[in-house]
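The following pair of complexes shares a single chain, chain A, combined with chain B in the former and chain C in the latter.
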Partner chain A sequence: MSGEAKHTTPAPGATEAEPLFQVRDLSVVFDTPDGTVQVVDSVNLKVSAGRTLGLVGESGSGKSVTCLAALGLLASRGRVTGGKVMFNGRDLLKIDDAEMSKLRGCEVAMVFQDPMVSLNPVRTIGWQISESIFLHQGLSRDAAAKRTIELLDMVGIPNSKSRVLEYPHQFSGGMSQRAMIAMAIACQPKLLIADEPTTALDVTIQAQILELLSDLKKELNMALILITHDLGVIAEAADDVAVMYAGRVVEEAQVLDLFDAPLHHYTLGLLNSLPRVDRKIDRLSAIEGAAPPPQEFVTGCRFEPRCGHCNASCTGTRPEFTDISATHRVACKHPMSVSS
Partner chain B sequence: MKVTETKPEALMQVRDIVRHFSGPRTSFFGPRKVAHAVNGVSLDLYPGETLGLVGESGCGKSTIGQLLLNLIEPTSGSVTFLGQDITKADKTEWRRLRSEMQLVFQNPLGALNPRLTIGKQIREPLDIHDVGDEAGRDSKVQEMFEAVSLPPHLLARYPHQLSGGQQQRVVIARALIISPKLVVCDESVSALDVSVQAQVVNLLSDLQKKLGLTYLFITHDLSVVRHISNRIAVMYLGRIVELADSETLLENPIHPYTRALISAVPVPDPRARASRAVIKGEPPNPFNPPSGCAFHARCAHADTQCRTHLPEFRAIGEKHMVACHHAEALVGKSNTDAN
Partner chain C sequence: MTRYILIKILRSFLTLWIVVTAVFFVLRASGDPIYSVFSLGTPEATLDVFRVKWGIDKSMIEQYFIYVSDIFKGDFGTSFFDGRQAWDIVMERVPKTLLLGGVTFSISVVIGVVLGAIAALKHGTFWDRGIMTAAVAAFSMPSYFLALLLILLFSLQLRWLPTAGASTWQHIILPATTLGLTLAGSIARFTRSAMLEVLRQSYMRTARAKGASRFRQIAWHALPNAAIPTVTVIGFQLGWLIGGSVVIETVFSWPGAGRLFITAVGVRDFAVVQLFILMVASTVITANLLVDILYGYLDPRISVTGDSK
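On to the complex of A and B.
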């Protein structure tokens, strides 16, 4: 199979159809003892059924908070101050808690980074997975137990019949993550948000989990949001990519476009600073400085202090998005030239 | 294993080092299970080089780092540093030797004292080893601080006031201030963000050139290790399975595990997607290691010999050591050819 064939291009007319999940101008603030800090600043995201949106950024860029806020899972200090989160025609920020609980874990599911922390240590794996089926689908305990075994088979856990009776400490990291994924897909969600699902795992296991997620996405025709700091994982698994920096999305593109012709200087800097296993690089070209903490976010371009291409126009006002093509847009006043 | 005469003298020689850890009892009066964390590893570290030690979690790579610095005692085997067996050195000898070797961990905040200012922490090794006079120590601290590219006003700050990248620079400055010969970096850049990671990797290689340091660079990240190492050793379940120059190891790996590991690393190039060969299964339990070659259950080339006999760690070609029964047959062949 050629490399090209593995990238799904959107069906004709798909761009006009309403995406399954859409975040519009979402802003989130956190109340701290030192005042209110804005950690997510007018973020827009969208993902359609059957596609994977890769959300990439460094720690503190707001990628996890955006998704947590969208699902009403913010810690008590966090507040949404504006925007809409449209899912299947409904605004998730407007529905009440009971409706949200019904939706979460059923139509929308989430998988987190550390499976060992997400699982309950005093309940068997089988109990935890069937709980979700029991609650959301109204199946009997027996039927739920049967379905649990099917799910474990689906996510590739061997000897599923005996392993449902085991406890989380008897599972390895990779197997726990598979169990978490089984729990997430138990009700055949339309949207799965995976927050750094492979970061705590070894590379050989990471490869297995990414393959599993991509197979499940196809099988269940889910929309998948993959949050990661690793551009390698993005290249491996995403169809569309949104790059976040300091609480804002700075570039959006389809995966091939992003890697072939990155337009934002941050995206390019990030790509250039990656050490690569497939080629020899004499010296890594690091981006100078570090990403600012939310207390020091400015209104102008937030990458400006680390950018070599900025001038006076970059400070003061927020750079607007420029559409380079139907699927590629960048928030920079001096983007990399489109032709090069 | 003989060291040929043309090679420079090794800074550190590790010979057949073994470390067991005992686990829980099998029953109330039963024997304890034993994990073979490191199971007969021999290594030479040459002055000025970086040896990368890679492997998945639980393969024993961090245990090797601790054994090399004598932080834990080996069950058997020897570690010779500057001509002296450090596992047998007495207290005074050991105190002197210890200043020649330093360690940089993964989590800088955990390695720094939260109640001491940055300046005091960097100075501490000089006080402990009684190097120079008061004024000399202060100027050395400033010099070192500059060498790791930190602005001088941070000297009076506390660790929590610094970013992760800055903290790791402080840890590096503290490790290097007493001019060690050997630095063991155990996942030193793994916790850092990509853009900061590149800065610290560059800093480590600059300091190596400037100060003639020898690194043992322990990591799970093959991309970083390719960039920083002269030679790479790949570990699997307590043993080294392949050892070669970085370029040789990554361009022409022989051991099926090395090949699987390299192909599992996600490459930041969406066009490279199709070329992946995902290996099945998970690393075996060190309390219950498989017979023969530890990798046989996950290996596409395994036969009866692999299941029963431990492969010898032997030279295949120049400066390329492999522990695989099929190593000779695998040279020049890709993993998929055999399937």
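On to the complex of A and C.
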């Protein structure tokens, strides 16, 4: 693939052991008419090539904003107030616009949450996909057109030859999602962030898209970040998981550890609200209340108002991370295994 | 496509017919043209000769049928004044009106769209506020007032530009500026809001995420979308432009059809007034038809073909 040649080599500092993509202490605020609100608070994430990080949390917990901020795609009201975003040994928050444009769509790509509105209504699907190829790989018109059709075949869009000429309004939700994925993988990125790629799709299509993503991940040895609020999706597709609550990561673990031995009470609440064949949903143990909006974040543990296991020490100061093992850590003063 | 356009064209003819009919009867209800030509003391016998000659001795309904059937023969009647064909009299003036309108329209569209787009791209900055203040000022000032201001400044005070007539190229500057400022102001406002709306859309973020340059994002992703509502609005401004030019031609003694119209109304020269209004209506209807076609071409979601699902 000629695109390979254009990929930048890692900076001297990068070593094999270091993860491909690492978000460190990232904080994001939005300027709203009612003042500045902090939406993301010192978030850490990492993912290596060939692995899938599942980012899970209720609606409004800051999953999308974290990833958008990391790629410099925030809305104009949003600002990063601190942290680093290391990709291949370089800090994405420090490189200039031109450099960033070369990386985006080429080495790092993102599939947005709402595919129907993320496609340009006045351009054909084919035009939009081949634009990535044209921008980063310098293929001829014919070669780009051929590659576009290949990509549509790859993501399972039937009649690809005629569908490249169609407009987004002629595509269903599932097909738009696939087209967005095709656009994102057009240049064989090293990192793909998929924001709720299966929400609002019916179950069979959901499964197909997840399988497609994990096939692509293996085929291209990508690092994949999968954003979802559905632990079922995590169980199916993720290797590692980060659980977010109210703008913070509260627990990180490998997927099996998280399901076997969740430590944060919020994680447990999420798990308990997941329907399972071997257990009826216990209404009482599902989380009471709703996730707070950023204006109502409390100073201590942000889950404290909804948590049944807290005491005075939970309020006031932010709970630090406790490492339970090399891969499992939790930000809670009374984690599950200790308190139960 | 053809079916859709055909229906549109049929509807246009219906509209034209209504306009022609309304103007015909309103004009005749407004008074007897005979008294705008002859003084009061003229003997009735003489007046009757002219009534017969002009065809206004017959009943209104009869006159109406003669008028409409003559239109289909390409005869728009004769002027009560110099007895020439109304068509010849109006067409003599049309080139000057087209010149003024064409120059004004094209310059205003370019200036309005460019300034509107700049204001949107620099949203909330000094540029945005400056452009919008100027646009609102230009847009909300009555054109005759603006005309007087410009005449005071550039003709009487500075003595740079002529105010009346059309003999040199400098003569077009003041009338075109007066008309154009208002038009450009409203186009700038519409372009800005259309552009702001587009810039907020998720697909603009997609373009950024693909690595498209800022220029490419604007030229290839934003503008084609912003053009859709803007084209409609610009199309509708054409009617306004014609109305405005009637006033402006009079203020600046520009020898165009608009000024002719004002004179003809004053003396109840039926044929000339009717033909002028028929022409204006046809122009506006044609412009709307063109906008419709262009709209379908710009927006793939509008099915003009009628064969997509």
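Miscellaneous remarks
The rule we apply is simple: the second predicted complex is superposed on the first by the 311 of 340 C-alpha atoms of A that agree within 3 Å, B and C clash if a C-alpha of one lies under 4 Å from a C-alpha of the other, contacts with A are read in each partner's own complex, and residues count from 1 in each chain.
Operating definition for what follows: a contact is a pair of C-beta atoms (placed from the backbone, for glycine too) under 8 Å apart; a residue touches a chain by one contact, two chains touch by 3 or more.
Remember, it's a predicted structure, so these values are computed and weren't measured experimentally.
In the superposed pair of complexes, A:117 makes contact with chain C only, with no contact to chain B. Look at A:73: by the touch rule set out above, it reaches chain C but stays clear of chain B. When both complexes are overlaid on chain A, the residue A:232 reaches chain B alone and has no touch with chain C.
When the two structures are aligned on the shared chain, A:62 is found in touch with neither chain B nor chain C.
Looking at the shared chain after the overlay, A:335 reaches neither chain B nor chain C.
Comparing chain B with chain C, the partner in contact with more residues of chain A is B. When the two complexes are overlaid on their common chain A, residue A:247 makes contact with neither chain B nor chain C. Judged by the touch definition given at the top, the superposed model places A:172 against chain B, while chain C stays out of reach.
On chain A, the surface touched by chain B in one complex and the surface touched by chain C in the other have no residue in common. Listing the residues of chain B that touch chain A in their complex gives 56-57, 163, 165-166, 193-199, 201-202, 205, 220-224, 226-227, 247, 250, 260-276, 278-280, 282-283.
Interface of chain A with chain B (complex): residues 1-7, 58-59, 172-175, 202-208, 210-211, 229-236, 238, 255-256, 259, 269-271, 273-278, 280-281, 283-288, 290-291, 293. Chain A makes touch with chain C in their complex at residues 68, 71, 73, 97, 101-106, 109-110, 112, 114, 117-123, 128, 131-132, 135-136, 167, 169-170, 180, 183.
If you check the complex, the residues on chain C that touch chain A are 201-203, 205-214, 221, 224-225, 228, 298-301, 308-309.
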